[in-house]
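The structure's right below; bear with me while I get my questions together.
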Amino acid sequence: MRAVVYKEPFKVAVENVADPKILHPNDAIVRITSSCICGSDLHMYEGRTAAQPGIVFGHENMGVIEEVGAAVKERKVGDRVVMPFNVACGFCNNCLGGFTGFCTTVNPGFAGGAYGYVSMGPWVGGQAEFLQVPFADFNCLPLPAGTEHEAAFALLADIFPTGYHGAELAGVKPGESVAVFGAGPVGLMAAYSCLIRGAAEVYVVDHVKERLDMAESIGATPINYDTASPVDQIKELRGGSGVDKGIDAVGYQATKAGSSAVGGEQDEVPNIVLNQLIDVVNPTGALGIPGLYVPSDPGGVDANAARGALSLNFGQLFEKGLKLATGQCNVKQYNAQLRDLIISGKAKPDFVVSHEVSLDEGPDAYVKFDRREDGYTKVILHP
Amino acid sequence: MRAVVYKEPFKVAVENVADPKILHPNDAIVRITSSCICGSDLHMYEGRTAAQPGIVFGHENMGVIEEVGAAVKERKVGDRVVMPFNVACGFCNNCLGGFTGFCTTVNPGFAGGAYGYVSMGPWVGGQAEFLQVPFADFNCLPLPAGTEHEAAFALLADIFPTGYHGAELAGVKPGESVAVFGAGPVGLMAAYSCLIRGAAEVYVVDHVKERLDMAESIGATPINYDTASPVDQIKELRGGSGVDKGIDAVGYQATKAGSSAVGGEQDEVPNIVLNQLIDVVNPTGALGIPGLYVPSDPGGVDANAARGALSLNFGQLFEKGLKLATGQCNVKQYNAQLRDLIISGKAKPDFVVSHEVSLDEGPDAYVKFDRREDGYTKVILHP
Amino acid sequence: MRAVVYKEPFKVAVENVADPKILHPNDAIVRITSSCICGSDLHMYEGRTAAQPGIVFGHENMGVIEEVGAAVKERKVGDRVVMPFNVACGFCNNCLGGFTGFCTTVNPGFAGGAYGYVSMGPWVGGQAEFLQVPFADFNCLPLPAGTEHEAAFALLADIFPTGYHGAELAGVKPGESVAVFGAGPVGLMAAYSCLIRGAAEVYVVDHVKERLDMAESIGATPINYDTASPVDQIKELRGGSGVDKGIDAVGYQATKAGSSAVGGEQDEVPNIVLNQLIDVVNPTGALGIPGLYVPSDPGGVDANAARGALSLNFGQLFEKGLKLATGQCNVKQYNAQLRDLIISGKAKPDFVVSHEVSLDEGPDAYVKFDRREDGYTKVILHP
Amino acid sequence: MRAVVYKEPFKVAVENVADPKILHPNDAIVRITSSCICGSDLHMYEGRTAAQPGIVFGHENMGVIEEVGAAVKERKVGDRVVMPFNVACGFCNNCLGGFTGFCTTVNPGFAGGAYGYVSMGPWVGGQAEFLQVPFADFNCLPLPAGTEHEAAFALLADIFPTGYHGAELAGVKPGESVAVFGAGPVGLMAAYSCLIRGAAEVYVVDHVKERLDMAESIGATPINYDTASPVDQIKELRGGSGVDKGIDAVGYQATKAGSSAVGGEQDEVPNIVLNQLIDVVNPTGALGIPGLYVPSDPGGVDANAARGALSLNFGQLFEKGLKLATGQCNVKQYNAQLRDLIISGKAKPDFVVSHEVSLDEGPDAYVKFDRREDGYTKVILHP
C-alpha cells in the first residue's frame, strides 16, 4: 500500500510499504478514509526526536473496517470507525483506571503506545491506505455509517479529545474564567471545550493572527503575546484579577514574544508558558497541561532543557495553593461523548480544519504546515 | 412598607406591614428592586400547605443594600445584591459542607430556612419594599452596579440555580442525553443548565404549548405527554434507547396525560413522573430531583400521598443500578458562577420571564400565574 | 466434571456435567480451588426466582488457569486468579464507564451477566471442578502464586467488593457515622469496608446473635432490631442525632422485628429497611443500597411486592435532601485494591468465613446455610 | 498577659503583652489551654523569614471561650474549642469554595491569614494566656467539655489536618501504595492519615531514627535516606515498581543524604524531594505537597532558591502523566471529621507528641525542638 514515510529531517515521501495483516485474533484492518497530520508529527519531522527513517507517520486515523480477527466480537466488517491515537489493551491496571494513554500492555517496558510514533511501540502509522488496529473491540469507536461529519469525526482521534483533556485536567467548570496558552489546533480545541463545558470567559494566547481570529470566532478573547505580557493583558481585562484556571497547549517548544511565527530553537524558552500560567492563575486555581514536555530533547536550548529539567516558580505556585495535571490524553475517556456532541450538532470542531488533501499531497502539506504557510492550521489526508 | 400578604386560599393582597429592622449585628436591610413569584408560592396560595393568613410572600429577592448592622464586614450600603431563597448562616455543619439549603442555625429544630415561606423560619418575604437579610456577608451576592441584567440576575435567587441543581443532582456531563420532566420555570432552567453544561440531547416533557415552545427555542426537544407516553416518545426518537440522565422538575403535583393545563387534585398522580424517569433512564444512569415532594400534604390524593408515601418501581430502579438525588437547591453553590455566565453574556436565562409588573399588580399576577393564563410563566414584581 | 446442580426448590445435588471448553479465543478454563455459596444463591435455592432445574450454581470463583484461548494475552496457564461474579467484556459503554456489573455484551438484551445465575446469561457456575471464563484478560484478577490467603482472596469474587460497594454507593468518608442494615456476609463486609475507609462510627443492625457478635468484633456497634426500633436505638446512642450515611445490605426479603432468624415470607416487609434508612440518616446524607431488590418476585408478600413496587417515604427523603444509589457491585472497580489490602495484611475479611467444605458436602451446606444452622455465615467449597 | 515573643534569630522570651480584646462583634476571646510549637515557627525562629522582633508566636491554639462579641451566635462562653491555624471569614469566594487557607478577607491584599505568623495578617499568636479569634462562629471548632483528649484535640489546629491534607492532595484511596517524604510531625500525620484512609502500603522517608521508629509503630515502612537512595529502596521493596501516590512533607529546606539531623543551609537541596517523588511515583499517579515552598527565601542556597525557583524534572513528570497539588491546609475541610475520629477512639494522633511543658518553659523548648534534641518531635505549651 501507499503510505507517508519519514526519510530524514524535514523530508517525508509517499512510498509503497507492506500491507498490514491480522497478526492477533483481536486485530482489525481498517481502510483509512481520513488521517490527520498532527503538530506532534512535526517533532519527528523536524528531527527533534529519536525517530529513524522508514517510520510510517499517522496517529489520527479514521476509516472503515476491512477485516477482523477471529476474536473480535462487536466490531464488524464495514463499520465506520475512528481510532484513538493511543493504542490500548483495555485490561491492564492503567486502562482499567481510565488511563488508556498509559497502557502497559501494548508497548512493553513503557506506559503508553501510539500508531506511527517514535518510542510508542511497534504500531505502524495510518497516513496510509490501511491500518492494523489491535484490540479492535476496545480501540475502534463506532460512527454512523456514511460520510457525514467526516472531518469532525476525524478530529476525535486526537485533537478534540486532547483539547478537551486540557479542560478536564484543569477541572474547568461552568462560570469559570480560563487562560489557554497556544492557539494551534489543540489550543483551539481546548478553548472550544472550555466553552462547551460552560466557561464564562476564555482567553487564548498566541501570536499568529489567523489562529487568534479563529479563537475569537468561537467566542474566546484573543491575546497576542507579541503586543505585551499576556499575563498583564489578561489581568487588565479582568480588572486586576487573574483567572480561575489555565491550560498549556504549547509545551516545551514555547517561544518568547517577538519570535517568528514558525518558532525555532533560537526563540525557545521552554518554561515560559508554565511560569506565565503560575502567574496568571488565581490562588486555589488549577493548571491543565496537555502540551508536550519530554524527558529528553536532543535540540533543547541548554543542558537542562535537553534532559527535560525546567526552572519553575514553585514557591509562588505553592503560596497560591495551585494544582497542576499533565500527560497525554486518554482519548477513550472522552471520544464517545464528543462524538455524540458532533452527531447532535452541539459541537462542530472542524472549524479548525484548514486543508483536506490526498495522500500524495502529504509531503507538500508537511512542508507548509511546518512553516505555518498559507494558513495551514490542521490538515486531513484522504488516502 | 407595602407588601404582598397572604389572606386565604387563592387570595393575596398588597397591604402595609411593619418595616424591617436590623435585629442582629450581621443583618442588612435591602431595598427590593425585583422579587419574583415562584411556583412554590402557589403551593401556599392554593392552600396546599399549613401557611396561615398574614404571611408576607417572596423568597426570590434582589435589590440594593439600604443599611447594614455593626458586624457586617464586606457588604456596603449601596451594593446591588441578590439573595438566595435559602437563609443560611455559613458556619453550621451543613453550611460548611455546602448544604446551605439545610442550615441548622436559621430555623431551629429544622434543617433549612427561607424568606416568606411556611415552616421555613421567622424570615419575612421580599414581595415588599424592604427585606431583612441575616448574615448579610454570607447571604448577599454582590452584582455589578446599575440596572443591567436586572431580570436575569433576579433569577439567581432561586430558579436558575434550582434548575442548575437538577442538572448537578443528576450529574449531567458533556455529551450526555437527558430527559427533563416539567417545562415550568424550573424545568426550563434545568434544560438550559444541561445545555450550558454541554449535554448533547435534552428532551423536555410537558403539555403546555408555550412552555414546550420555549424549550424548543433553547435547543431542547419538546415532548408533549398528552400525545403519547413520554417514555415511548423519547425512546422512539433515540432508536429504542433511553437516556443517560433524568430530571424531575415537577414534584408531587404531577398530573396524568390529558389533565387540564392548570392541574388540580383530580388529575394528580404523585408518583407518575418518578416512575416514568425510572423507566426512561438507562441502566447506570442517574435521576436529579429538584421538584418538590413533601412529607405532609393536606390535599394529597389519598392517605399515602397525604403523608408523602409514594409507590416506586424500586425493583426496576435497583436492577438498572440507578442513583437518585433530591432536595432543595443550595443556591450558594452555584449563584456566583451563574452570575458570571450572565455577565459574560454566555447565559441569558431571562427568556423564561413572561411578565414584569409593579408590586400593586401582584395580586392580579398571582391569579393569572396560578391559572397559567395569558402565557404567565414567570413573573417579576418591581416594588 | 463434578458440579453443584439445582434440582428443585430446597434441593441441590453434586452431579457429573460436561467439562467446559474454550469456545472463544479470549476464553480461559480455570480449575476451581475455591467457590463460595452466596446469599443470593439461596434466592434460587428457595424457589424465589425463575431458575430452572439443571443450572450449575456458583458465581464466587477462584482457581488456577488450566488453559487459555489463542487471543488471551497477559494471563497464562498456571496463574492463580479470582473472577468477579459479574461476567464483563471490558469494551461496551457500560464497562468503559466502570459499570462492569451492567455489561451489555455478555448477556444480550440485558445489562449485566454472571456465572451460574438465572437470567444472567449462558455462563455456567463454578461450584464445580472447572469454569469457562470469557474475556480472560479482563475477567481474571491475578493473585500471588501459592495457597496463602485462599479464603480471603475467594471473597474478592463478590462479597468483599459488594460490601465495599455499599460504602462507595453511600460515599462513606473518614470521620463519618454509618448505619448498616444487615449483618449477613455482605453487611459485615460493608461495615468492615466503612471502617477501612475511616468511618468514625458504624452501627450494624440485625437480630442474629452470632452475626451481631462478629460486627462487634471488628469495631462496629451491634443493634438488635428485635429489642426496639433500630432507628430509635441508634439515635439514642448518638444523643438524638441520626447518622451521616446508611447502607441497606438486606434487600427485598427484609423482615420485621421478632421474625424467625431464618426469615420466611410470612415475616417479610420489603420496604421496612428502606424507610428506616430514610428515617435514621440525617439531612444531606446518602444511602448506599447493595441489597437486592427485584422487578419481579413470584413470592412477593402482595401484588405490589410481586412487581417490585414499594411504598417509600419519599416526601421525607426529599425534605432531608437525601441521595440514594443502588445496584449490583461492579467488582472490577474494587477488586485489585482490596486484593492489595489483603496482601499487605491491612484487611482480613475472612473473619466472616464460618465453614470450608468439599464440593461433595455442598448440598448439606446449602441446607444449613439456608437455615442459618450451626453458625453458618459464609461457606467456601473446595472442589 | 504572658506570651512567647520573638526577640531575634534563635531567641524567644516569655514576656508580658497587652491582653486581647473584642474588637469586632464577631470576635471571641479564648483562654488558651494548649498551644503547640510548629515546625513552621522554626522558620521564623531561625531567621529564615521577614519576621520582626516582637511578634507573638502560636498558631496551633486550643482553649475555652472567655468572652464573645455581640454578633456571635452559636459559640458560648465556656465552650471548649480548637481553632484552625488559618484565620478565615467563611464568606469570601475562597472560603465558600472550601479554601479557608486562602481567605481574602482577613489579610487584605493576600490570600490567607494565620495567628502569630509573619505576613499572615494582624492576628496575634496563641502561645499566650488568651487569644482574639475573629469570626468566632466560623473559626471555633467545638469540643466535648472537660479535659479528655487534650493533646489529640490540640493537634486539630494544624498538623493532623495538614498531614491529612497531604493525603487528600495526593488523592490517597483504599488499597494504594504511598511514599511520604519527611517523618516530622506533619509527615507522621500524613502517613497516619493515609492509613486511616485505607492505604495498603505506606513508606516514610527520613533519617532521624526516633521519627522512623514512630512511623514503623503505626504500621508504615521506614526508609532511611542516609542508607541509600530512597527511590531505589522503595522500588526494591516493591519488586521494581514505584508507588501510586507521593507526599512531600518536607518542603524547601530538604536536605541531602548524610546531612546532619538538624539540617542547615549547607546541606539543603531544595528540589531533591520533589524530583525524588517524580521518580518514585508510577505513571498516572499523583503528588500531594503540603510541605512549605516559599516565593522568597532570604537564606536560599542560591539565587534561584532565594526567589523560590526550582529545577524540576518536568519532562519526566509529563511523560508519566503525573498530577501535583500544593498549598497550605484548609483546616476547616477536615477538622470536624478528624475530631470525630478522635472522640470515637478510631484515631489517636497524639502518639506524635513528645513533650508537654508550661508556657514559661517555651523558650527552652524552642531551643531543643530546633536542635531535635532529647527526642523533641512535637511540643505542646500549656499556659
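The first chain written gets the first letter, and so on, giving A, B, C and D; residue counts start at 1 in each chain.
The rule is short, and it goes like this: a contact is a pair of C-beta atoms (placed from the backbone, for glycine too) under 8 Å apart; a residue touches a chain by one contact, two chains touch by 3 or more.
Model, not experiment: these values are computed from the prediction.
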If you apply the touch rule, which chains end up adjacent to both chain A and chain B? C, D
So using the touch definition from the top, which pair is joined by more C-beta contacts, A-D or B-D? A-D
In whole angstrom, how far does the Cα centroid of chain A sit from the Cα centroid of chain D? 40
Per the centroid of Cα atoms for each chain, what is the distance between chain B and chain D, given in Å? 43
Which residue numbers or ranges of chain A touch two or more of the other chains? 336
Is the chain-to-chain touch network here best called a line, a ring, a star, complete, or other? complete
Residue ranges of chain B touching chain A (in the complex, touch as defined): 164, 173-177, 195-201, 219, 334, 336-341, 343-344, 346
Within the complex, which stretch of chain C touches chain A? 24-26, 69-71, 73-74, 89-93, 96, 98, 105, 137-138, 332, 336
What residues of chain A sit close enough to touch chain D in their complex? 94, 97, 99, 101-102, 111-112, 169, 252, 271, 274, 283-284, 289, 292-297, 304, 307-328
